[in-house]
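The following blocks contain the structures, represented as structure tokens.
One chain, chain A, links the two complexes that follow: it is found with chain B in the first and with chain C in the second.
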Partner chain A sequence: MAEVSTAGSGVGARVRRKEDDRLLRGRGRFVGDIALVGMKELAFVRSPVAHATITGIGIPEEHRGAVFTWADLAAGGVKPIRAVSGLPGFKVSEQPALADGKVRFVGEPVAVCVAASRAEAEDIAASVFVDYAELPVNSDMLEAVKPGAPKVHDHWPDNVFLETNVGGTIAEIAATAPVKVSRTIRTARQCMVPLEGKGVVVHWDRHVEQLVLTTSTQMPHIVRAGLSECLDLDQGLIRVVAPDVGGGFGWKGLLQPEEVVAAWIAMRLDRPVRWTEDRREHLVAAANAREHHYEITAYADERGRLLGVEADAWVDAGAYSVYPFSACLEAAQVGSILPGPYDFAHYRCRTFSVCTNKPPIVPYRGVARTGVCFAMEQMIDAVADAVGREPWQVRLENLVPPEKMPFDNVTRKHFDSGDYPESVRRAVAAIGLDGWRARQKAGEPDGRLIGVGFATCCEQSAHGTAVYHGWGIPMVPGHEQAQARITPDGGLELRVGVQSHGQSMETTFAQVAHEVLGIPLEKIKLVHGDTGLTPYSTGTWGSRSMVMAGGAVATACRTLAERLCRIGAHLMQAAGPEAVVLKDGAVTAGGAAVTVREIAHTWYRAPQLLPADVDRGGLEVTAGYKPGSDHGTFSYATHAVAVAVDPEIGQVEILDYVVVEDAGTMVNPMVVDGQIYGGVAQGVGTALYERMPYDAEGQPLASTFMDYLIPGFTEVPHVRIIHMLTPSPYTEFGVKGIGEGGAIAPPAALCNAINDALKPLGVIVTNAPMTPEVILSAIAGQRGTA
Partner chain B sequence: MKAVDFDYAQPATLDAALALLSRDDVMVRPVAGSQSLGPMLNLRLAQPELLVDITRIPELQAIRREGDRLVIGACVTHARLEDGDYPDVTRGVLPSVAAVIAYRAVRNRGTIGGSLAHADPAADWVNVLTALGAEVVIAGAGGRRTVPMTGFILGVFETDLQPGEIVAEIHVPALSERARWGYCKVCRKTGEFSHATGAVLIDPARGLWRCVAGATSGKPVVIDGPALFEGGCTEAAMAAHLAGSPAADDPIALRTHTVALKRAIAQVMS
Partner chain C sequence: MSAHAKTISLTVNGTRVEATVPPRQHLGDFLRERELLTGTHLGCEHGVCGACTILIDGEPARSCITFAVACDGRSVTTVEGLDDDPLAAELREAFSAEHGLQCGFCTPGMLVAARDVVLRCPDADNRAIRTAMSGNLCRCTGYVGIVNAIRRVIDARNTNAG
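Right after this comes the complex of A and B.
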């Protein structure tokens, strides 16, 4: 059996990214870089109103043949997108790729226009006249659930995709708990704002008789499945290719209506066509993430030990259920993960996935965890305040202690490993809490108020079959497969069905393969994101790729190693495969060695030298992998932040930011750090800047970056990262998913820090983003009542 | 989004530009750095048929000293004003303000004249040149006229420019040695437009006491004279001056404008 190599570029090595040379020189190939002969561009006519019946669509005579509506698609046999959930009571929405007689949010595609250039297509779009008979609008989820609210889907009894109830009764605790604190907490609707928007090029490849959809996606195989259902086309007739993808964050983890339309147009016109999402389309039609509302109460004893938590939670799920994640994943997850990393016995949570006249909700990096962490961590601080202890002490009081690991919590989440309290202790030390407390006491010369905040979160990732089977949505991850093949010159090709769009897999999967096979990184090539070239995969989501596809790569490489050893042993006339080891790219026995290159040459080009009983699979292996537990891995982190709040203008400056996190074994610590930096940047956006405001008519009030603020390089703090390394007992090498944690805790940590700063004024803020208006209103409210 | 189809001209002389701009058979519009017009074109908020690029006209690019004033061509970029390769009569005010406009990439193209003509109340030059008592030289097919900043900016995106006219020059008076300057912009991130701007100039030698509250919902609010300073610049006094003005639309706006002014005044007094 092969021995694990300790060379400097395997698992754990800080190697530079292979993909950077291409990407940093601007030599990537994104959807926008593709030009096909005769390619047409698409522009969509989008609804300017949030809720209306379409009473007519006027297409100017000169543009007939260049404008298509749902009537055309339906006549062509196109079916609406259906993303159901098997959870009891789930109400099904049908989303036609172009509006079918009714529009349900501003930005919903109504018609598509085809022209030689995007500008001309937009000219045509401007000439299409749509008659809207406006209907009353659900612009706020709390109003939408009231009796008599206008209905988004006429045949439903109400506007709730799904209501869930988790946990049992908590009345006894509620009646007797010494400490009871309640809060109303809200997070704003956000856009994900990847650097590259969505985009798709479609053409029919006559040679292989396939529809080829080159699209900016995180999950090519799932897009193919959904497309096949909508177009009623065999999956074998569809190839979905993800070229370079400039960030996804969830926005590219679904079947887009625009993809369905573009595919149908390409077939109908027998022409390549492209659609490129522009920034305005993104901000208006894709404001689709994060909007949660909580009414939450925590019960505790006098030390701040949690006795129970109860909550009602609403998630604004927008108008339709997206494929494949459905409209209820986010809210239903709230119910199961609200308890966070804490150990307490009594819990009740009711959740509502509310249907409104807004873009359909899509899981955004962190998914429901960012919202639940924001809620739960405010409650920990509220309890601490009520019992007069430091918030970090109350965290220590309640976090799952290491001796209880592995631990099943109140909602039966299975925490695999780690020392959660230690992450808090290290964060307290690293941020230098005592120093900040002293500075707080002394006061700032400029009148600003200092605050320190903490937030601890856990990040379930790489969710397994059992977890997703439970949701009953169109996608259930099973064994993740990877293909590893030695090339005739001794290099290695890896083929995976996940897609790398910032996760650095071209480097990290090569490191995994190198760890097993010892082949140098520069000779390892990753092929990914292409249904034509890779094994099936549900794709890149839920921080699953390193655990799942990385595990599959290791498994496939191990089998390759066995085959290499067997051939190598034969070539060296060693006693047998047990008598040799694979090390640093060669099979050795005593002083003799034969390189992988020589073995590859033999298999492919000199087969006459092979033994008769050689494995006919050759030097190409497809292997499937699942971790030892289906529950997914649990990484965790404590974030600590020090801020200065200017009480006169409501601005917040981040003075220091520390992340203590446990990713288990890190395949490449630089890549882990990069994931955390990027996540924190987005978390800072959620905390302080990002909000798509809607008016009562459901109009999004921000349509450019003038109004929709995202943090830039001057606003993102320098983050100090401290790693703890508790390997997962269930995965290859002990890795855990870490792609999202950075984006989970910052809003909670910043909220707690701001409230710590505002303490002398006797006010709190509970809603994100914590803009100057929110902070000034809180301060003014207090003044008003004082 | 993409702009509508338009024609583009790049005249080499002011007369040629003015002739094009006075055409009334097409919708015509001047363009300078395109940092404000570009987004408006792409969002189709502006749909001109002819764009006249005025940035290749040498006299609009020039900066020169004329007696006790600095004459700045309309197409001088923020970046050049930041770099300061000219006889700065403002004792550092112009470069320091230019340096805090957006990012360098925007400053490399955006122009002082474009900024004034665009007349966003939150723009730096709109408020700073008002505080400095600058004058705007307007050129049209019919000739030239000069208006003070206080008469040039009429409201939100509203100026005294008439059809066919452009901003040709900005005249900035020299500050005396004892002049004091204070400037405070309240914005949350680099490149974000200001929510409240305070600009303060005292130049007793020239009998000047001027406070400007900018980034309001209207034109800049100008408070002239020494009264505010003699009264000790209390917040109450400032708020009283701003009450009823476009800086006082709601209590939070009034408060933020008062703070911006207070902080600008604090710089002057320090």
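Right after this comes the complex of A and C.
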């Protein structure tokens, strides 16, 4: 268990956030809050059809010069976005920032309009007349892979970005296993819906001769790399800045076509320009996450011990491959992580990244794990049902036990630490399973059906070099760097290339630095999310920032500590650096002490007092860091939920929700809790509400918050969290990434709870979201066959 | 500027403002673009998410579905105008203590709505708080921290009053 103290304000302390005050006073600075002198606004003409050839673009005479198309960008040397994977067989799509003769999804940008205000730019957009010759549409991934389906990319032989095959044959197990259960499972296409849409302000800084792109991104350095490729501009001529960013969840982890367009327009017109994604643009053009389909079979013995799992999985990857994650990361990840936290020996999984006439898929919080967990955890319950045991008992039967840690699973994922079965036992106790079972037996006076569901998941975070090298995509995480600088007045500046958009890094990285240097939090300043001011980083994704950049901050601060001790020892005429200690912001030797502030003063203002052999690097350090394992860390959790299902109207009420979570050492437990609460809320959305429906012509059927439902105050439960604290053996302080886990297990736990409730009716639901309509049709289907 | 622009006179955060605005401009854009009060955030521009909630003559309203021209003669208060409001100060303290905000984008609207809930429902339990706040959406916090923050303010007020 963790050795770190929870007192004070270092690692483990529940301290309030440094970023709160400005945000609580409306003094944050989001992209939409930035206005530059002479700035123009952009509005996009977007395709109203899912698949068509553009036969003409009519620009009214009075707006010539204010409307630009791909022909203009291409003549200016702009290249399409190319996000290639090195995995064998990957088919390359090219995504022009504005459609090049063909549109492939509803909402695809076709032309851009420039005006003094957004309203006027939208007026111009409404006057642009585009002729479309409509083509047959792929609106469903299972149809799109069939022979004869219309091709999204004409020169491809089919509509599959990539097929992967993991594992070997399990025919022998399939032939002999006493228990065999199969399911068809599906998750819906979703929008990520950060409350702030995307936005970008671009100008050419004449003084430093740089294109300055201020954008709501999670990965400024990667956006810079992608822009450089598309604009054929040296990276040194581009600065990408992320200001306050209003939530991301993955949607802000890509190079956007609109960013490329805005950058080019700013250079072409030599004027600052701004584009702000409105909610309708987001819901229509960015419905880009989570759509999975599984045909899955589990084999087990009579006790429910898993003997093998085999699956075919399809992921609807949309029309193009996004930069940098590519179109295949999600489906290929399904193949490697479907086994979840379980220990079994035989496995086969085939995956397809399917190209359709929908927006390109982008990794959403949890990436493939939410779908994978939804599938695998349904199978655990199905096995339990088949062998007549409680689902939690079958989980205990199959989870990797603590004595096997660290553990390499069937797909060679290296689980670092933890007691997975204990998380189940604690969840069973905390939800009060016996009480619910008694209530189930007694029946509800209102006729509703009670159900309890569990789901266990693990969350790989801080992904390493080898796996991403294997993907062969435009981004491979290596050593993460941080800069730490003692200021002349004894404060500390930290500079990191990751980006905080709600994760509280201004506070938590300061806590890490405080733990090492003892400098008070209020004197520590984090600079982040700016290619001009920070070391290179692949950015904030994959629950990596605390492990990677936090580790780098600690490493840099340790070097600073050594240098402070050396100077401090000299100033106190101590025997040497080994004769002093750095504690509470001062270097001490016996009764003598010299503060960090005094040492800083010496370095900057009184260098004549420094020792002759002082480190010439001074009080500024750039340090690189990688965890001890290239496989990253594995946090894990068991979610338990009790529901009441109304069989007459199909409505689900969540009666209690418990998360037992092991995030390793927590730098700030309050922040960890916040990540879990927020993740669960999104998971509840995935489970019960969120779905972007498409008709057969590829038309999205939701475009407002009245028809795309995200959970609100009355839909999300007052979640209870129980922490386990097993440090990772591979990271600074034993921390593990935790940003996504909350969003992974809820659909699975809720599905299992609903099916537990529906058990007396002899029906199951297997698709998310589990809306009243889905539940009622399951019940009606059974009644129809009865 | 549109030929149909109208001149209006209103009070914004206690200061008299005269402005000529196009009839189609909503109050949120007016406050942000013209008054540079960017604390009012636009999350949906169709009146559902609540991020743009402000006070008009002391009552919460969605600035994204209120036309600026309709505010002639009215008094508008934004989050910036609550700097010295004692109840807003209690809420800011509680939101920070309970981690009631992460990215902070929905927060200005949450504070304005929460202030109204504390005044309107001084005895609200958690369920009543959730119902009263259900016109505001947050995508980060899962609402627990926000409910706890409002609960903290209501409890403190009741303790002090008792």
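Here is the rule we go by: the second predicted complex is superposed on the first by the 779 of 786 C-alpha atoms of A that agree within 3 Å, B and C clash if a C-alpha of one lies under 4 Å from a C-alpha of the other, contacts with A are read in each partner's own complex, and residues count from 1 in each chain.
The definition used in the following text is that a residue touches a chain if its C-beta (ideal position, glycine included) is under 8 Å from a C-beta of that chain, and two chains touch if they have at least 3 such contacts.
This is a predicted model, so every value here is computed, not measured.
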Chain B versus chain C as contact partner of A:Q210, first or second or both or neither: neither
Which superposed partner A:D33 touches (first chain B, second chain C, both, neither): second
First, second, both or neither for A:T622, with chain B first and chain C second: neither
Contacts of A:Q651 with chain B and chain C, given as first, second, both or neither: first
Residue contacts on chain A - larger count, chain B or chain C: C
Which of chain B and chain C A:V245 touches, first, second, both or neither: second
Partner chain(s) touched by A:Y689 [first = chain B, second = chain C, both, neither]: first
First, second, both or neither for A:E773, with chain B first and chain C second: first
Chain B versus chain C as contact partner of A:E122, first or second or both or neither: first
Set intersection of chain A contacts, chain C complex versus chain B complex: 117, 119, 278, 704, 706, 712, 714
Chain A residues touching chain B - in the complex, by the definition given at the top: 117-119, 122-123, 126, 278, 280, 648-649, 651, 688-689, 703-704, 706, 709, 711-712, 714-715, 771-773, 776-777, 780
Chain A contact footprint on chain C (complex, rising order): 22, 24-25, 32-33, 36-46, 48-49, 51, 78-80, 83, 92, 95-97, 99, 101-108, 111, 126, 129-131, 133-134, 136-147
Chain C contact footprint on chain A (complex, rising order): 16-17, 19-30, 32-33, 35, 117, 119, 193-196, 244-247, 249, 278-279, 501-504, 670-671, 673-674, 676-682, 704-706, 710, 712-714, 716, 718-719, 742
Interfacial residue positions of chain B with respect to chain A in the complex: 1-5, 39, 43-44, 186, 188-193, 195-196, 251-252, 255-256, 259-260
